[in-house]
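Structures follow.
Presented sequentially are two complexes of subunit A, the first with subunit B as partner and the second with subunit C.
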Partner chain A sequence: MSENGKTPLLKRGFFTNPKVVPYIFIAPFLIFFLVIYLYPFITTILMSFQKIDGPNSVEFIGTKNYEKMFNRNFKQALMTTFRYAFWDVVVLTIVPLIFAVILNSGSVKFPSFFKSLYFIPALTSTIVVGIVFRLAFGTLETAPANRLLALFGQPAKDWLMFADTGNFVLILLTLWRWMGVNIIYYISGLQSIPSELYEAAKIDGANSVQQFFHISLPGIKPVLIYVITITVLGGFAMFTESVALWAQNNPGGVGRTIVGYMYLMGFYKNNMGMASAVGLVLLGLVLAVNLIQLFAMGFFKKED
Partner chain B sequence: MKKLLAIILVIAMFASLGITTAFAEEEPIHLTLWTFQELHTQLYKEMLDKWNANPDNPKLEIDMQVYPYEDMHNKLTIALQTGEGAPDIVDIEINMFANYLKGDIQLADLNDIVEPMQDHLVMSRFNNYAKDGKYYGIDHHIGACIVWYNTEILEEAGIDYRDIKTWDDYHEAGKVVLEKTGKPMCTWESKDCWSIYPLVNQHGGDWLTPDNEVRMDEQVVIDTLAFMKSMLDDGTAVACPGGNHHSEEYYGWMNAGNCASVSMPFWYLNRFTDYMPDLAGKMKVAPMPLWSDGGHKSAQMGGTGTAVVKTSEHVDIAKEWLAYATLSFEGCVNTWLILGFDPIMTDVYGSEEMKAPNKFFDYYDDTIFDMLKTILDDIPDTCLTEYFPAAADIVRNEMAYDLVIGGGDPAEIAHACAEELRDAIM
Partner chain C sequence: MKHSNRIDGKRQRVKTILATTLMFVTAALLMVPFYFMFLSSLKPGTEMLRNGLSLTFDPGVSSFKNYEALNTYRDGIYWQWYKSSLIIMVLQTIVGLVLSSMVGYGLAMYRFKGRNAVFTLVLILMMVPFEILLLPLYRMLIKFHLTDTYFGVILPYLVPPFMIFFFRQYVLSLPKELMEAARIDGCTDYGIFFRIMVPNMIPAFGAMTILSCMNSWNNLLWPLIVLNSNEKFTIPIGMGTTITPYGNAFDVLMPGAVMAVVPIIIVYLFAQKTFIAGLTSGSVKG
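Up next is the complex of A and B:
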């Protein structure tokens, strides 16, 4: 019997010690973090200074991996990634926002139908979509995209063989696939804005453009920051889409992103040391871009 | 008394156990095999059934797992690096093979099964999978490069493909074909190596020496690229639709009779039978045209080295079965009958067994091997060092693209690619 007359559920011991218990509760996360994130991260840093030829032949080679990294392939991959990430952010922030505002304005019939229609592509497999896009934007004059060009009297294009048209196809694929997801984010943001604000604005004589820039946009700022952040991350980490369109090929330097280059180094050329170095450079780049963007958008400012 | 009975019963029990185990079916030995080429399993299954049908052989059970190309090689890399989960037998693609010959080699050497047969085999195929005098892989085919001619188009232009002896003849014939039919003579790949590498190799060139000296900017490479460019310039050659001869677009375009010929390794036979059925009876195979300034009759391209993993529990039995499946007369004949490959055993060429009808003879004609026999004596080695994957990547993505799509100067392309390869060598 304890002082208050009730029997404690557990005897007082090490595992019920109030100083220990919190650590037990966070242990699953902590173990997961240490084993799945921190350990590989540290190993990657170590590996980036090594030449790894197999299980029993590992050799420290200083910064040689980093020195050898900046060749034409890497620069092309960097260019491809930045080009893609830039257009990805521009297109995937603006286009879904326009659609979301229209869908949310109440002027469209059956908004739920359109919402699900735009969302369906996100459920498809990238590889399947890649094959469809690869054939739609094929070399021959009979390819659907070239047929469309012919309607406007334009000559057939070899879409996937050049950096600018190839990037266009890539952005189109991404837009088609992910637009629905961003629309959902935006709509949920838009719906959290109280309708009184719009009514008040109407009474004050604001037109719909003014309403958008002065009520809607500030109202969804947190959502906007979130969407841009994940789009930047997604843009830099893009890999599957380019593989689906070009496999391991890199015509005109468009088919290979930094992640693709890392994969090529690690698995195709079996050079894990170099792949680790590329991975760390990619980490640095993404971190820098994301921090700049978050600072610029005032994410770290204290809320007033 | 009871005690005695109990002892007798116990003895009887053990005795009967012993008898039943002696008569019981022996447990089959279980092996796993990974491949990225589903076609190969047809041969393996056939040879496994034959092996098990022979009562002298220990019973085998082979679990054949087919993975996509990239997945399989990734899994293998990781399995060998960590020493966990590797199969007993594995098909490794020729371009990737050098990756597994680095450092402490995790594959078993196959000298004891290859060497006794070496007088009967095309040994240059084994050098691709060898290091320091040890063989680590067995190929299924020679992969001799040949040319497929669309006789319908050539007849329309009034050309007999048998008169084409040199690449210059080929180019001249192309001009006539273009003029009379408006169709190109051939296609060059713009994102793969099956156009450039065979021509360079047949001409006497290669990308690397065994000591990893770069040969990519030698005159022979520049001359070969210049020849290819000259055909592109006058329209007798065009960029391959879809970028390589394995794209769906190319199959459809070629099948519709849009091009007079294509040069590919022998294993491309089944691409015609499977993907271009409308050309049946129209396509004829012939040796590659020769270079007037030297070189060889053909080049050996592509391949798969089947290897045994050193850490397997059953290395010896795996080797023995592999030898039976791929190095025996029967295995080599089946390589042709089932897979349509040019077998690595010289004995089978001209044998009666090889003349059994199959879909390839139906599609082309039965003179395929008479043609092939004339070129087998002059096929150069290819040099596949640990930097070959890097070289192949440069050829596919830069040399081919810059030449066929970019239309650049051959010498400049060769020098730029060579520099890049030198830079990649550590």
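Up next is the complex of A and C:
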């Protein structure tokens, strides 16, 4: 009876049955998936075809939510999101890559000190730091960004009043917070490349630019795919940064993203059906862009 | 020969100086928002309203008085927010680590029917914008009376897919002999996991602890939806409420901002070596 653990190979109950054990390990995920992803996902699809005026007043209205969706406000949010996601992917894949290559080249003194330091902004809360960015790009003539412009003889700007300069501040905030994280991902990839490859290339007379394009870049491809994939997702699903710079309900709609629009529809306008339809369009966008990206990067090709 | 070596050495030194300078300047720029935050936290709110941010330190008006205001502002509500944020962070991190390390380990260590399907599912979920599920999840919370509870806040983060992925990759990089030796010693599968594998997964746990704390501390949208009583708000939500169209409560905003970043930076500085090592070791190979 109390021999548990002594002769496990002979006496196995249900939970120690080797056929069952793996499923017990993964059970938390399966339950979690059903409750947190699958059930809500199906509900979202249903809701997107409904008009919901409260828990007891639900009416199927076919594709009306989708037909009515493309109004001016939604198009604006779509535009804001696309603009942000595009620059997010461009800037956050390239800039950290340059820094990672330099940090990894052996030409920098105290590389691990810089690595640790660059990571610190990622620890901060976007809302909290967003306050500083908002003030730095404020409307006052004395706002730091406007003082910087004045140094170059430029007139002061209302940075956050316009879509393009507002997007610039958003990208700056994201770059500030997230650069260090991507640098660490890239460095982990760069360090897995055997150094003999570089030595051989040097003997063949390849300069550092050629080494980068022919050894480093192919070598970190898995990491690059990972970074681009999560950046696409982060870019299209952005919400917090926009709230940090414009607060929750910005009247002009500058800086409002798709998720922001969804939140507005679902919680302010109480239009859950429309909000669900918007959410599904967002899902379609993210999956489409990521599939195209993964395909272009050769992710689905079998190793040759 | 010797001559060209000297030129190479010189060129290398110039390179080192240029690269290190670039890194140093970037580091200084990255720290600028922190200078702003700290200097502003010492200034009276009226001064902030009039002049906004500046990098000048003015000893005439600066003091630590604002930090005392944190204790008195709306009966010390700031520290309530702080407590909520801490409770949610600790709960979310502990539960997330325990459950997703088990799943990641199971996916890496056992061959069983459906393993590839489950792993593919994990990968797909990493690509799904979680935000689209918020409305139905919220309705679910209402049904089970979980709105305005901490459990409601952590519910969608009990088994985060990105953690499963990370732990799986990490366990795959561990030697299989560890497990076989343990099995010969007569451990059960669970004994092997908790007594032998978990100690070997410490760097992975370190990296995921910091990432989970970061995510939780910074999370805005979902807690904003779930929580509605003021004393249960987290710092991001609470700080948001001090920003109003009628003027911002800078006296609280800036010292509050500083107090919100200081603890996590201290933890990071102590753990950064393990953290970065853990993050680089298991992360994204293959």
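Heads up, the rule we're going with is that the second predicted complex is superposed on the first by the 271 of 304 C-alpha atoms of A that agree within 3 Å, B and C clash if a C-alpha of one lies under 4 Å from a C-alpha of the other, contacts with A are read in each partner's own complex, and residues count from 1 in each chain.
Criterion: contacts are C-beta pairs under 8 Å (C-beta built on N, C-alpha and C of every residue); 3 or more make two chains touch, one makes a residue touch a chain.
What you see is a predicted model; the values in this text were computed from it and never measured.
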| item | value |
| --- | --- |
| First (subunit B), second (subunit C), both or neither touched by A:64 | first |
| Touched partner set for A:252, first subunit B, second subunit C, both or neither | first |
| More subunit A residues in contact [subunit B versus subunit C] | C |
| Contacts of A:51 with subunit B and subunit C, given as first, second, both or neither | first |
| Touched partner set for A:74, first subunit B, second subunit C, both or neither | neither |
| Which of subunit B and subunit C A:135 touches, first, second, both or neither | both |
| First, second, both or neither for A:84, with subunit B first and subunit C second | neither |
| Which superposed partner A:270 touches (first subunit B, second subunit C, both, neither) | first |
| On subunit A, the residue positions that both subunit B and subunit C contact, one per complex | 135, 138, 140, 143, 248, 267, 272 |
| List of subunit B residues in touch with subunit A within their complex | 70, 73-74, 77, 80-83, 96, 99-100, 102-106, 190-192, 239, 241-243, 248-249, 252-253, 389-390, 393, 396-398, 401, 405, 420, 423-424, 426 |
| Of all residues in subunit C, those that touch subunit A in their complex | 12, 15-16, 19-20, 22-24, 26-27, 30-31, 33, 36-37, 40, 48, 51-55, 99-100, 102-103, 105-107, 110, 112, 115, 118, 121-122, 125-137, 139-140, 155-156, 158-159, 164, 186-189, 191, 193, 214, 217-218, 220-221, 225, 235-236, 239-240, 243, 248, 253-254, 256-257, 260-261, 264-265, 268-269, 272, 276, 279-281, 283-286 |
| Complex contact set, residues of subunit A against subunit B | 51-57, 61, 64, 68, 71-73, 135, 138-140, 143, 158, 160-162, 246, 248-252, 255-256, 264, 267-270, 272 |
| Interfacial residue positions of subunit A with respect to subunit C in the complex | 5-9, 16, 18-19, 21-26, 28-30, 32-33, 36-37, 39-41, 43-44, 47, 99, 102-103, 105, 107-110, 112, 114-129, 131-133, 135-136, 138, 140, 142-144, 176, 179-180, 184-185, 187-189, 191-192, 222-223, 226, 229-230, 233, 236-237, 239-240, 243, 247-248, 259, 262-263, 266-267, 272, 275-276, 279-280, 282-283, 286-287, 290 |
